[in-house]
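I'd like to ask some things about the structure below.
A, B, C, D and E are the chain letters, set down in written order, and residue numbers restart from 1 in every chain.
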């Protein structure tokens, strides 16, 4: 029993990220409203970020900033004390990318609405086939 | 569609879960991810760059090249919104409020316009009476937000934050101005042209720093080579390089966020918004 | 065998290619344009001719242009067989150019610049095919020729030519991409080379079924040779203006097809290889079926050019048949037939064109008594058809003689029978035309009793070719020597 | 100068931004600035290629940090070739499409050039980088700029196509990012060469397997391999000419390059072909892609859309070749990256010229185009022949290697699919040619039979580039042996 | 050991994600999406990735939501699913 529990504790973060990602992907593919799809896309992307952040986490480690900066010259910095800065760095980039995509997608949605007066995919398809 | 989506999602999920079976435990400090490169960053960053915040150091120095393009991505988004939505045609109808009396004038002739000032105020179609509390609070708040934004940019290498976050916050303050007053106020204060120049300039500061390093005989973005140009101790030269770069990012992000907001909210006409 | 590295083959190919820009730029000055065509044609012929002595003294002229892959370069090699074909094509090009001036101007056709340009391109490709050193280069020029002739075939740009053009492409491109290309790549895959070698390139890599399939892919793939059932583009392509039919469908296009098959049989498979698997008789059988069937169909055709087209299909199979006999005499005859048939058949096409220009008649049934009106043309027609039938004193007799000898040499009585009966059929479809043209009563005659030939530019060429056909009976040496040399190379080597 | 590698990417980047700056100051300057940047980039790429051919792979450390700590460029022969291709095509296209961009995009053109240059920066960066995550960022730059450019085309359909492109593009890129995450989880490194060393010998690991599947799947989505192709036709059809001209030749090809890079440099031949045995399945998938692309192209009424389906088909060629698991197939795939980029470029240049003149390019709108735009059509015909695979255009030679590779592996279905797809392309293009050749335009029928049609060509700058690129197809074809011997084979060894 | 709090936040995150996708009013989606982002940011702070969390707080919960609302303002709140 305790094995199972420790397995869950050891892995649940990864599982939940998978669930989150599945939610996002499902929203992206199955939702009818374009803005909903964009939301799904964003959830999908944040799930990936969550995954990366989870990779970088270390138990009993601190945030990746040297607090004793002024006296750090003599202090040996031990790797196990700080969480992995690399994944954070990567994810900063990923967030920026996702917000850029998000903003642009919203602009596109506005443009599409201007032209077709709807954001529902089935209605759009109908309008297109009429033309 | 839903069935297909469900199948796809389940397949993907199964694949991802299968991949996690061999993962080391969550938070295991001995996992390969936390051993190979990351340890170098933790142990050597301060020595190399004198920036206490590892993340900022990695973002703007070790992997500064990524970040330059990250800024370019956001710049592209702004430019894309501008190209997509910007509509230079004047709107046909104008609404004005006669401030002393509160009478609303509706001008249908596009050529006529009224002098906006003490007497007449510009108005949106979906007009909401200005909320005094909102306006006042925001007016007081905005400068502080901006100061904070500058702090975040400047202290990027000492504390969480950096150019990107600071830029976003600065941009938010401008957006707040647009929301609490109206869009015209913002557009009048900060011209579109200025925003456009800022957006490009910010990224150019970043890239220009890199090119400067080239001219100083180093590799691209090798801040260490900038020592002759910058004051201060040569140990800190990389941190200075980071700061310059962060400022560039901040400027660009600030401008881009504002551009995106203005264009989306006014459908590119820059006349009325939320 | 001695080899000479020379740029001449390339020049021969390039001459008419390079002249195309000149032709296009002088499109509003027809006379200048035509004279350029002539100059190019004559230079080309002279270049080809200048290589003849070397080839006759058993030397080979080689030139490698681009190295693509080991064993498959883009390269030229002038040997006896290629020389024979190039000589025929380049000499007839000059004559056809002359003829086409008369024809096109006589009918006031549109798009003459386009016409002469693509004509030049086509002849370039033909010479290139003749001088190819390997299958890849041959395939290259084969395809270029197919594409360059499409605008010529569809020159009239009407509904009729659209349909024919489509048929032409489907058969020519479809077979070359669908059959030759895979077969060629398979050869390369199996042997690592595509170079034409006198003993073939296979040495035990192929089992008999594989070899059979491969051979059939080549034989049907080179659909320009008009082996049945891939022949039906040829009658359809007769919608083209007659000079096109004359040069391309009597000389260049169809001969390139036949030439390619000959090349594949001799250079890729090799005589000994085919003999050891008894595959020659298979090809010969296919060819003889084509000969008989097409001759029978030709009997039923009333449109003059279509009858000639079916005749061409039959005669092409002579070439294939001759080579497939795999005996020295038979192969000589087959190769010789490339030349002899070319001169004979082009005369006939010229006659058909001349009649069309002068009278507008296309059908044989309308030509009763035409001999009185166009005696020169019809006499030339007689010579041409005698050459095709194989009667002395014309060149066709010599090639057929060798073919017959070849069947006897190989002891293949059935083939002998095929040859003889088809000669009879040839006579049966040609002689009535001539007979009715001259020997008819006044009432039957459809023409007034007045000599009125086609324009000079039409008549002179057909007389020249008729004379050459006639003369080849007495002086077949250049072609005969080349053919014998070629055979010696393939069998002796 | 040791900094050529950096310059390749940085020059277009900085000039793009400068142009973005100058839009607000002096609009007219932005075009020359952008052009200069691409020119410098192209020159540096050529320099790098020469250096790599001369003295082996080049490593460039960005920021002076040596890998795996920092990001590095690692340029070997394959990179260098693709870099030259990308920068060259981008530069030429900018010249060729200037007028068309002014016409289509209008006053926004000057800011558009910024996006254009960023797009090219992305493509170049993707090609040159040796870091897995940097690759992701640059893919995103490429994607975001292409979303922006797609939306600027057709005012009605563009935004919709762009949004759909975003959804699928994000899925693709995110899959790739996840794959990189899994790899990072297993190895702790992001540098390609480093990762390759660290995962050696980890055949059974589920993490590596998942990472592999995710990366490849992501790239496949991005390159529009058959079942994932849905976004491509609309996105390319409704985008402005200047963009479709550069994205069609480059985007998918660069993605194929990434796939090959991941296969060879990161995961390794051994892992893919000997441990996973995926070759068979993927080659089947590629076969289906080749055929499906062709069949879907047959159903299209719009010329631009038809060509986009041909691109889908061509992707199948390269994927099939790369996954053949032998040297010939890989050679074919890499050669096809080069050739396909050139020929698609030539095709879209010609189509762009047509769009410039006649605006709508439904197939029925093309009537009489041979008369109206002869030079454009000439370029179009050459490019089409290359796609069909007619020698000596370059399309033939890559197909040659691909088929040889398929034969060597025994993947006869793939070889057959290539042949069939050639035939389908022939049908497609001749359908177009027929309409252009036979039916006269709106001016009525009178001038079609006599006198030249009124020539309404595209501007000279567009024509010259289009013509040059089309001719370069033949040159590239003739020198494909050189490309293979100096670049591809040394790379594969 | 702060996995209990971690798991609670994660549950909320998933709840918000599902809710954001299934609410029939886009404005509500916008707000739920903001909440989702903010919870996510909380989660990352727990894991120690402060820079990422900071960014997400300013971007995801801040600017993104504003963009979202602005877009809805210019389009419509209506959605079928």
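In the analysis below, contacts are C-beta pairs under 8 Å (C-beta built on N, C-alpha and C of every residue); 3 or more make two chains touch, one makes a residue touch a chain.
What you are looking at is a predicted structure, and each value in this text was computed from that prediction instead of being measured.
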Query: In how few steps can one go from chain D to chain E if every step must land on a touching chain?
result: 2
Query: What are the chains that chain A and chain B both touch?
result: D, E
- request: Give the fewest steps needed to get from chain A to chain E, where each step moves from one chain to a chain it touches.
  value: 1
- prompt: What is the identifier of the chain with the smallest separation between its Cα mean and the overall Cα mean?
  reply: D
Task: Please work out which of B-E and B-D is bridged by more C-beta pairs in contact, and write that pair.
output: B-D
Query: What is the chain whose Cα centroid lies farthest from the Cα centroid of chain C?
result: E
- prompt: For chain A and chain C, what's the span in angstrom between their mean Cα positions?
  reply: 71
- prompt: chain A to chain D: how many Å between their CA centres?
  reply: 30
Task: Round to the nearest whole Å and give the separation of the Cα centres of chain C and chain D.
output: 43
Field: Where chain B and chain C are represented by their mean Cα positions, the distance between them in whole Å
entry: 75
- prompt: Which parts of chain E, given as residue numbers and ranges, touch two or more other chains?
  reply: 50-51, 55, 59, 63, 67, 70-71, 74
- prompt: Of all the residues in chain C, which ones touch at least 2 other chains?
  reply: none
In chain D, residues with contacts to at least two other chains: 133, 137, 140, 144, 147-148, 151, 159, 178, 184-185, 190
Touching chain combinations (by label order): A-B, A-D, A-E, B-D, B-E, C-D
Statement: As the complex stands, chain B meets chain E at residues 53, 55-56, 59, 160-162, 164-165, 168-169, 171-172, 175, 179, 257, 260-261, 264-265, 267, 273-274
Message: Quick check on the complex: what are the chain B residues that touch chain A?
response: 1-2, 4-6, 8-10, 12-13, 16-17, 20, 23, 25-29, 31, 33-35, 37-39, 41-43, 45-46, 52-55, 57-59, 62-63, 66-67, 70-71, 73-74, 76-78, 80-81, 84-85, 158-160, 164, 260, 263-264, 267
Task: Using the touch rule from the top, collect the residues of chain E that touch chain A in their complex.
output: 1, 3, 6-7, 10, 13-14, 17-18, 20-21, 26, 29, 33, 36-37, 40, 43-44, 47-52, 55-56, 59-60, 63-64, 67-68, 70-72, 74-76, 79-81
Parts of chain D lying in touch with chain B, wherever the complex brings them together: 3, 6, 10, 13-14, 17-18, 20-21, 23-25, 60-65, 68-71, 108, 111-112, 114-115, 118, 121-122, 125, 133-134, 137-138, 140-141, 144-145, 147-148, 151-152, 159, 178, 182, 184-190, 198, 205-207, 209-211, 213-214
Statement: Listed in rising order, the residues of chain D that touch chain C in the complex are 385, 388-392, 396-397, 400-401, 403-404, 407-408, 415-416, 419, 422-423, 426, 430, 434, 437-438, 448-451, 478-482, 484-485
